[in-house]
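Same chain, two partners: subunit A is paired with subunit B first, then with subunit C.
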Partner chain A sequence: MTALSDRPTTHAPAVGSDVRRIDGPAKVRGRAPYAYEHELDSSPAFVAIVQSPVARGRVVSIDASAAEALPGVLAVLTHENAPRLGEVVEEIRVLQSATVQYAGEPVAAVVAETSEVARDAIGRVVVRYDSEAPDVVLSVDRDDLYAPEQLMAGFETDSVIGDVDAALAAAPVAVDVTYATPVQHNQPIEMHATVARWDGDVLRMWDANQGPHNLVPVLTSAFGITEDQLHVVSPYVGGAFGSKAFTHVHQLLAGMAARVTGRTVKLELTRQQMSSLVGHRTPTIQRLRLGAEADGTLTAISHEVVEHTSRNAEFAEQTATATRLLYAAPARRTTHRLARLDVPAPTIMRAPGETPGVYALESAMDELAVALGMDPVELRVHNEPARDPERDVPWSSRNLVACLRQGAERFGWAGRDPRPRVREVGRRLVGTGVAASTYPTRRRPSQCRIEAVPGKATVVSIDASDIGTGAWTALTQIAADALGVAMAEVDLRIGDSRLPKASGAGGSTGTTSWGPAIQAAAQALRERVHAEHGGQLPAGGVVVTGSSGPGEEVERFSMHAFGAHFAEVRVDRDTGEVRVPRMTSVFAAGRIVNATTARSQFLGGMTMGLSMALHEESVLDAVHGHFANHDLAEYHVATNADVGEMDISWLDEVDEHVNPLGAKGIGEIGIVGAAAAIGNAYWHATGRRVRDLPITPEAFFRGE
Partner chain B sequence: MDTQITLRVDGADRPLTVDTRTSLLDAMRERLGATSAKKGCDHGQCGACTVLLDGRRVNSCLVLAVTAQGQEVTTSDGLAVDGQPHALHEAFVDHDAYQCGYCTPGQITSAAGVVAEARAGWPSAVTEDLVGDQVDLTDDEIRERMSGNLCRCAAYANIVPAVAEYATEQGVRA
Partner chain C sequence: MREFRYEKATDPAGAVATLTAAPEGAYLGGGTNLVDLMRLGVATPDVLVDVRQLTSTEVEDLPDGGLRIGAAVPNADLAAEPRVRERFPLLAQALLAGASGQLRNRATTGGNLLQRTRCTYFTDVTMPCNKRAPGSGCGAVAGYHRNLAVLGATNRGGDDGHTCIATHPSDMAVALRALDATVRVLGAEGERAVPIGELHRLPGEDPSRDTTLAHGELITAIDVPALPWATRSRYRKVRDRASYAFALVSVAAAMDLRGTGPDAVVADVRIALGGVAHVPWRATVAEDALRGGPATEEAFAAAVAAELAAADPLPENAFKLPMATNLVTRTLLQISGEARA
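This part shows the complex of A and B:
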């Protein structure tokens, strides 16, 4: 076994190749089991949820008798009879009191022999409410906006350097513009689903999530069980984008329903229920003020954010944190203020913070370039900071300028006429735009176990999660190289809470967290075999564990991936329809483990950014407080016909500081800035600056 | 009301008892253990449940199981013959035309339907020649015809070349 000798491996490295997904053949036939598809032979019962139409109030009475009388109904759970949950955060204390805090909050759950009977029965549960008018409208004029103690991920709420107002007042050229982004929903195509069963005092769940260990502390506390009494299995997950990161009410309802009925239960949220029960991206209102010298040198940056959170949770999205590092300027300020509204709790959605925040900053930079009469690529290059401008530490690596240059070259940016609304092809007005992208490089503590037995595939176990990222494949590649064997000789096990604890999939931290843990375990195996077995794997095999996590690099360096987006937009001057025939994006994201799946990640992010720019908006009904367009017919996501040519490339970036793998994470960088590039191209095409997303056809005919 | 029916799914006769309200999709997923077709919305909006019904693509969440008797239901799994992957299976893997894989079986059955429709000369909203015997499945035709299948991972730009490869093999793409 070459892995354990000092001789160089005879295998070509798997990392860096473009090997196809190892789970692909099963997925294309529909044979990879997602959450709902487990325990097919268990004669399961089915759970359906009764939701409150009231956004603020309390349940006065529940009459479940008609539902209970329906043949096939096993139980109706309400706050009056549901099992009491242990300590869990307010936003998921489901069926524990009569209080209603958002439209769509579960007030009862039916368990029945079939899904048809369960859904029939929920319509027969009669619930009476006392209600008040909900407060759901976000505005900058509210007198109850407040500064949270800190933002998500531990960021400071505000940052202030220098006298920003004086610098803005003194700036020869300045812009003062306000952007708004709407509520958006994650909308993974696999609806959130949980299969649950109690085997004695052990709770088993087959669940759609972004890492089984994410659920462990919540479920053990909620049900008063130990970690040994919980088993969460999630080998395949049908997309997530943040909505499956945290424990939501349906997982608790499934556990309760299984306990009450003693059955295996299946709970699949409906698409409509996902609008209120699994979170959303908070809406933002962002005021950007930029001051510059006539040559384009930024003298002041101010980015003030107002966004919402819910009555039952504080979700403080870190919207302006990218503004703290993207460009140099001596005077700088970022602030975040929240309004607590009668809405469901927001959650993370692909690049929470950076996605709405960089949209606003990069749109404002384009407006500044116009005010300066300067090329927007050159404006960005001109304000490139040598060090992190707020933390005053060096970059681990920063190649934004190279991304801009290479992107401009590939896109054909040179010679661009900066004037708006001067190009037409038939009925269509044509424009081009650019925007930068950035996303933090982080990792989280993770552990891995390796079991090596002569003549068998090496078992590599880690509770990682593949939500479509390609983790099954990328981690097998990393393990193969770390062990010095072919990929076929690696037996990877992920997506199971009984595997060694690892961080969840999210925040572009999967590969950067799990890869180094696998490498550490492989190194431990090598050392053990050398020290205790003379370099020869013993017949009985060896089991080792390894772990890895963030270290001093976090303090010493500012670590981020960067990218540049270029987009062409065509706007029909008769209908206002907006098309994006082509995008070019270039990324600097450290080491790329798998060229094929990485390209798909970038592509998916860019396309979701296009979708954000042109299609996505969840409309909160101001009177009733519910999301009015709560399905895929009315909440529009990009379809195949919305996407044109996508030109994707990346730099061969080597960053030895970020982690032993040298990877920066690629799940989010593709979406950040993409909507700004499209919005900027829309201005270039039409001369109209649309500052509230999405840019729908009617925007073209709106008064300025 | 329950009733006894027989569905023919992927070449096998499957007798079962269903509530008359049961959709073809739920009959497969909840009663037959045939989970290749996926549920993404249950309202005919996402296309994840697409199957071929006597060779034509349908959203199986919008078909009542009791009406599907006597027809051939084909899922993506059923496109495989003797355990061998279908050309579309291979094209989707080669082009990485998916990420999470959840919408993928629906994309693939839909693509099989698209090729059959093009061969039969069915025009789409972007077809120039409305009376031709056969439609040339250009990239724009594929984009238009595959737009009933949502992919939130947004593999669209990879799905188009995967379908194009199969369309070329099948002689419906110049």
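This part shows the complex of A and C:
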């Protein structure tokens, strides 16, 4: 450990190198236990959920006698007998009242000796309802649209600069277009699962989430326990995308079932249940008005968003916030209005806000380029703002133009014929499109503890979360460099609420929050060893802590990652089938910690963008109020066969302002704008401007 | 999920006897559809009679040049069978257009024919569905139906006890319908041969019944009669994504073209459609219109239009009509182009 006293010199830096996932071998061998797989108890009990088919109404009566009589049934919980929960937000007050606020709301839970008996029993619970017709259809004409006090993540609801309407009226060239995006659902491969057990008055939970500490305030309040009485363990998580960020009803049901039966209980949601119990992305209706001079200079940007939330929660997605910074224009306006509908509470999904919002803005920019007769890359470059156009602060770094230029070069954009529907390969119409991407750079407070003992691997403890992103690997790289040791000499511990508190995985903040905390702890270790032990690690070892969080850079700079997507689309002129044979995307996202896992993050985001453009839509049944296509046979996500050649690269961007690591976060920028590039290419291929996603084959036949 | 008993008979007759005596039982083949339906509570058999190893896994030559396909032949094996690929390319193409590699390894030929609709109201026990719960109504007519039937459906607005706009999900069955296959069935009364056109049924007044098979009858084999000109045949499937999706519209087609150049005449033709009806839909109106006529784009399009004149689409699935017209026309042009070449 002599390297502690010096700058690391004995090892090549791990950060920036191309290291394979250190958790990969355990995962492919089945030795990395996911939530449901923890073997804790030779005879766990199983929980199954009875859901309301009624979207709006109340439970009149529940007859559980037939279910209770089934051999193997341990308990049937209903709102009449379930433990009372402490204070939690309304959307998760499960089995606390007879009121039903959305289709699929749990009205009873069966605990049984086997999952088969539990599932059999739920069909024997007889529930009678008083129901009303649900109100689930969003439109701009509703008279109950309202402005929320603020948007998610603390953004202001509206922003207005200048006289937008006057600027639009005076603009020589303008577009006024409305885009719509449907409800979408996260589809992580691991369904939400919880194993819960009470050891006396201590609740232990093995759970699939985006950060064990995220659950702590909710679970302690719900069950009336202290933080010391709660232990949440989540070492491996099979995807989340936002759906595992918040505490949902299944975690509370598992805790209640374990308390009532005194058993270890297992609860895994079905894929169908995920449509109603763990959130969705709101649909959006977005009116975009852009005004420009004849040379393409934007004079006005107006982006008005209508979206939904639920009766039991206000989830105000920040859809138009990226429009506040992407382009320069003297007059600008963004607004958000909500309708409260009889639907489950929306939640975070894959770059909430930026994903639907930039889709609409970047589609409208393409329409403006067509109206101007201007190349869409040049239109974007022409409106590049020198400073954040609404906050009036400098960028910490901004390389959108470089991304557009490099992407155009790699894609072969030069010489593109702007005319639509003039290219064919066989029976396929061919087109190309471009769109910009951006995502905020943030960090959140996080703490780390390091225990160094001579001759042993250094234990680095932080309640970080690897939801499949590669955090196990990236944080080990960061720790190795910070400690000046090889990666093998780092013993990383994450995914446990009894580790030092850290932020959850979300908002592309994991590496930017946890990495600097690890660096700070390593620095504290170095200083301690110098100051108190003469530069030599004492035989008894040293324990230090370090922390990191947002600083004054938040006020001084506008901090964002940027990117550019280019897509080729082919549309079968007989069947309307849409395929994307290739995409080129270039990102400027600060320092890249691991090229392999970073590429996977970008690729995953781009694939989700493709999937959003062409496939994903949860259909709300207006009569019953449920999501009708609630399984993977009918809710289509892109499969391997849908993903063509993906050319992914990034700029070597140095940003000394964002955080000590210089990283900007890469979890979400890949999806933002990708659907717009594909939609724009679809127009270029077909001459048809589809303004509501997804672009399924029938779009080609509309009006014919 | 209801608890069930698992039985394994020693021969087909024993299986038939076992299931005939168990009115709530079901045969288990590959289980790729049935097990899903059991998990969903849609199928609630009290006994499963495993027939996967009872019927043949062989493809045998028939004297006329056709093929006898054992009911237990896995879909993957059938698609890879050289005689199928050579004599009936549309059948191999249809098989490969269905499901995923893993499912095709598991699924059997007999089971494939007996798949149930993927209508989301059928697979959700909390929703009305006349097929699953006779008399409960049809949720799909006023709800989610972009993937459902435009031909042969019983559509009285959804609230009556008969409305059903379900589609049959199989790709393979569409090709077999075009090939006039015969389904060999063993029942308590002995063996019988069912023309595939009489196996599946339209919903009519009883949407709960997908086929004409009696309870306990077991498919033992499928005979595909010789059709020399089926070497020029195709299966094309339109779907939302490149793989692993049910057909929005599909077509299985073969053509016997006589003569060359612009004077070529359609001596005979087979056309079956998938994704449009409760059954694999044989386009007999279109076939009749084409037989003896010219092999031109106009003739093809007019024939499909005549076939689809009986269609009764809903707002969200009306696109299937122009889509089917284009698909069939283009497929027939491709086949006739190959024939001329």
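Keep in mind that, in the parts below, the second predicted complex is superposed on the first by the 696 of 704 C-alpha atoms of A that agree within 3 Å, B and C clash if a C-alpha of one lies under 4 Å from a C-alpha of the other, contacts with A are read in each partner's own complex, and residues count from 1 in each chain.
The working rule: contacts are C-beta pairs under 8 Å (C-beta built on N, C-alpha and C of every residue); 3 or more make two chains touch, one makes a residue touch a chain.
Bear in mind that the values here come from a model prediction, so they are computed numbers and not experimental data.
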Which partner does A:F701 contact after superposing on A: first (subunit B), second (subunit C), both, neither?
-> second
Answer with first, second, both or neither: which of subunit B and subunit C does A:D63 touch in the superposed model?
-> neither
Could you let me know whether more residues of subunit A are touched by subunit B or by subunit C?
-> B
If you stack the two complexes on chain A, which partner ends up touching A:G239: first (subunit B), second (subunit C), both, or neither?
-> first
Of the two partner chains, subunit B (first) and subunit C (second), which one does A:A32 touch, if any: first, second, both, or neither?
-> first
Based on the superposed arrangement, let me know which partner A:M191 touches: subunit B (first), subunit C (second), both, or neither?
-> first
Between subunit B (first) and subunit C (second), which, if any, makes contact with A:H615: first, second, both or neither?
-> second
Report for A:D165: first if it touches subunit B alone, second if subunit C alone, otherwise both or neither.
-> neither
With the two complexes superposed on chain A, say which partner A:H624 touches: subunit B (first), subunit C (second), both, or neither.
-> second
Considering only the touch criterion stated at the top, classify A:A633 as touching first (subunit B), second (subunit C), both, or neither.
-> both
Note: overlapping subunit A surface for subunit B and subunit C spans 116-117, 120, 631, 633, 638-642
Subunit A residues touching subunit C in their complex are 51, 53, 116-117, 119-120, 123, 272, 427, 574-577, 579, 614-615, 619, 621-624, 626, 628-631, 633-634, 636, 638-642, 696-698, 701-702, 704
Can you list the subunit C residues touching subunit A in their complex?
-> 1-3, 39-41, 118, 120-121, 123-127, 139, 142-144, 146-147, 238-246, 248-249, 319, 322-323, 326-327, 329-330
Any idea which subunit A residues touch subunit B in the complex?
-> 20-21, 23-25, 27-34, 36-37, 40-41, 46, 114-117, 120, 187-191, 236-241, 266, 268, 270-271, 467-470, 596-597, 599-601, 603-604, 606-608, 611, 631-633, 637-643, 645-646
Report the residues of subunit B in contact with subunit A in the complex, numbered from low to high.
-> 19, 21-22, 26, 29-30, 33, 35-43, 45-46, 48, 75-77, 79-80, 85, 88-89, 92-94, 96, 98-105, 108, 142-144, 146-147, 149-160
